[in-house]
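The structure under discussion appears below in the form of structure tokens.
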Amino acid sequence: MSEPRPYDDVPGTTVFDERMARKGYHLNQFCMSLMKPENRERFKADNRAYLDEWKMSEDQKQAVIDRDYNKMLSLGGNIYFLAKIFSSDGLSFQYAASTMTGVSEEAYLKMMLAGGRSPDGNRYKSEWEKN
Amino acid sequence: MSEPRPYDDVPGTTVFDERMARKGYHLNQFCMSLMKPENRERFKADNRAYLDEWKMSEDQKQAVIDRDYNKMLSLGGNIYFLAKIFSSDGLSFQYAASTMTGVSEEAYLKMMLAGGRSPDGNRYKSEWEKN
Amino acid sequence: MARITAGVATSHVPAIGRAIDTDQTQADYWKPMFDGFEFSRKWEESEKPDVVFLVYNDHATAFSLDFIPTFAIGVAEDYAVADEGFGPRPVPAVEGHADLAWHIASSVIQQDFDLTVVNKMDVDHGLTVPLSLMFGQPEKWPCKVIPFAVNVVQYPVPSGRRCYNLGKAIRKAIDSFSEDLNVQIWGTGGMSHQLQGPRAGLINQPWDKAFLSDMVDNVARLVSIPPEDYIREAGSEGIELVMWLIMRGALDDQVTELHRHYHVPASNTAIGHLILKNGNNS
Amino acid sequence: MARITAGVATSHVPAIGRAIDTDQTQADYWKPMFDGFEFSRKWEESEKPDVVFLVYNDHATAFSLDFIPTFAIGVAEDYAVADEGFGPRPVPAVEGHADLAWHIASSVIQQDFDLTVVNKMDVDHGLTVPLSLMFGQPEKWPCKVIPFAVNVVQYPVPSGRRCYNLGKAIRKAIDSFSEDLNVQIWGTGGMSHQLQGPRAGLINQPWDKAFLSDMVDNVARLVSIPPEDYIREAGSEGIELVMWLIMRGALDDQVTELHRHYHVPASNTAIGHLILKNGNNS
């Protein structure tokens, strides 16, 4: 299962392939459950208690509680599933994206208005390691 | 949707193609609901009342109440779905098959023990019409 | 005989739906994006398609990880608008065209595409945002819709070439339907965007613009792009562009470009839009 | 390296499960049928496969009409035994092999088979009856199982040729899995039977016997059989035999027949069974 993939050298990017899908199954199914209003209420009332109903790892639960999206991605979360968490929080895709890039929402918005992040210097991990 | 199919001339046989699947959608989904014990109980207690909860045609409902499996087949029922009805009744595939062939279960069992229904004379509708 | 008269490509960002539903299309941020669809709405008013075959992807809405079909075709009479977490979008329910959908499903499966046939599914922004962009805010959608969902979420996703060939199979199926119908095929999603990780916000304008051009007259290049190139060049969610190739495969080799629009940004995404008239007679 | 050591074909009638579960295998009606599997159970005891790739069809159990995948592969860690209406069969739960299943899913999708990937599904008699026939009544199944469900219920079903080619793709996937595993592939269902309508009870012994023979050394004939011939010659449910062709496609062109059994009737069905050792070295 650990053969390298041609996209493994793309920096700052987690491709949701079977390696991740397996890791993240319960995390993502938990996210899916937030599509029901009653579940959203219960989750909001007590994150920890709701999470404890799921067969997730402690790391996964903590990452959810911390709203650490990069951590969730590394633990098998898929962005469309994770979106149910920040939607429950009333937050936008743009906000969530900014937290993953480590800048303020304002700075992120400014970057997007200026045409977005250029692919130059962002195609290969090696380019990131140089800096 | 009404182009002829190469299997249309097989006698005594309803092929569950899209023509039938469309007709039988609600009938088959009703059957599927009988996989839950609580639904079986409600159905058994009052066939008509339970059927009235489904978007089925009156013909379909009556065919179910009559346990007329050939009629159900002609109205879009698929045999694996219809099996949920005779299973709820505690009856076997062999019994259900016998009712569809119009002979007693005993006579049907005898035919099967003797090697089953021969394909000879049973391949084409024209062969049945001659008799 | 049913005929495919045109292909439409368009992005399908959720924020666009929100901008429409909250009446912000004329705000500074959104106006330039929506202006590019004015031609399209007028054009649809005169085209009056009977059916749109709408290629999109489900975004963890109808399909959880329990069940991920590579290709799923909707054959239902109607589809509810999904609650994606904020309540359903205030848009009309979607009416299907079960006759044509079943005909296509049957034909395409017999052409060795292993479809999942779906009788019940809620449709998310991937499907409703393109309808809003092309038809505005009617009481009722002006045509029937056949939803066709492609897995671009869980890898491996189908290759660009597989998608293009699927388009050819769909074309063959539609051409052989006996009823006289004006059918459009839409490919949605894209263009460059990445919603996740430290590289989020990636936009590749030269790459997108070349893609738009080659959709018209150099699709051979596009069908050869491997998945890792989409990810590297167009961001992790840029892979949605393989859905445009299904649309392109269903058109003639020669098409006439009627309209093109490109705008950055809509939320995290580069918006691309094309209207291609089928055949090279304008 | 994982390797396919053998292919097994066997019918999968629900009444067989009931006969086993109610201890009637030695009754006059059943004994001749079960006797033909004695060799097989002993053979499995010495073969000790690590994994069985089990091709079967769901019988309106896991999949309702809402959602019919042409091909679905199970990638879960385990599968519950379905309640088909009488309560679940009293057999062990089924343990999956998620590593190999995901590897196969990924490989086969990239070979242009449009699988549905399934993480959660209950398995019905189509899968558990073959396990009982080949392994008897253990506390725990002696190997892991990858369930592979084929739509043979709603037409159009995949053609025999498509199934055979899928078998080749599965073979390629298994051959490229790095762990050393003894893998068997089983094709289940058939042989001739018709469960419905005035023609119910059809059995075509000469046709079945020719099919059994040609599985060994003339598969070219079998892959050309169109669906209507299965229906006409082998009864409406005889179409299940296309699943045997997936198994056959995954084996070498040359195989060694280790065992063959044919018996009529089991309930409404002609029982066929084959064990094919992969390769022509015995």
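A, B, C and D are the chain letters, set down in written order, and residue numbers restart from 1 in every chain.
Note that a contact is a pair of C-beta atoms (placed from the backbone, for glycine too) under 8 Å apart; a residue touches a chain by one contact, two chains touch by 3 or more.
Here the structure is a predicted model, which means the values were calculated and not measured.
Asks: Looking at B-C, B-D or A-D, which pair matches A-C on over half of its contact pairs by residue number?
Replies: More than half of the contact pairs of A-C reappear in B-D.
Asks: State the pair with the higher C-beta contact count; candidates are B-D and B-C.
Replies: It is B-D, judged by the count of C-beta pairs in contact.
Asks: Averaged over CA atoms, how far is the centre of chain A from the centre of chain B? Could you give it in whole Å?
Replies: The separation of the two C-alpha centroids amounts to 49 Å.
Asks: Let me have the rounded angstrom distance from the C-alpha centre of chain B over to the C-alpha centre of chain D, please.
Replies: Comparing mean C-alpha positions, chain D is 25 Å from chain B.
Asks: How big is the gap, in whole Å, between where the Cα atoms of chain B centre and where those of chain C centre?
Replies: So the centre of chain B lies 40 Å away from the centre of chain C.
Asks: Centroid of chain C to centroid of chain D, CA atoms only: how many Å?
Replies: 38
Asks: Two-or-more-chain contact residues of chain D, please, as numbers and ranges.
Replies: Those would be 65-66, 106, 119, 154-156.
Asks: Of all the residues in chain B, which ones touch at least 2 other chains?
Replies: 17-18, 21, 25
Asks: Touching residues of chain C toward chain B in the complex: what are they?
Replies: Against chain B, chain C makes touches at 75, 98-99, 102-103, 105-106, 119, 178.
Asks: Please name which positions on chain A make contact with chain C in the complex.
Replies: Of all residues in chain A, those touching chain C are 5-7, 10-18, 21, 25, 28-29, 31-32, 34-35, 40, 69-70, 73, 78-81, 83-84, 87-88, 92-94, 96-98, 100-102, 108, 111-113, 115-119, 122-124.
Asks: In their complex, what parts of chain C are in touch with chain A?
Replies: It comes out as residues 14-15, 59-61, 64-66, 83-86, 153-156, 192, 194-205, 207, 226-228, 231-233, 236-237, 264-265, 267-268, 270.
Asks: Spell out the residues on chain B that touch chain C in their complex, using ranges where they run on.
Replies: 1, 3, 17-18, 21-22, 25
Asks: Given the complex with chain C, which residues does chain D contribute to the contact?
Replies: 65-71, 106, 109-110, 112-121, 154-156, 158-159, 162
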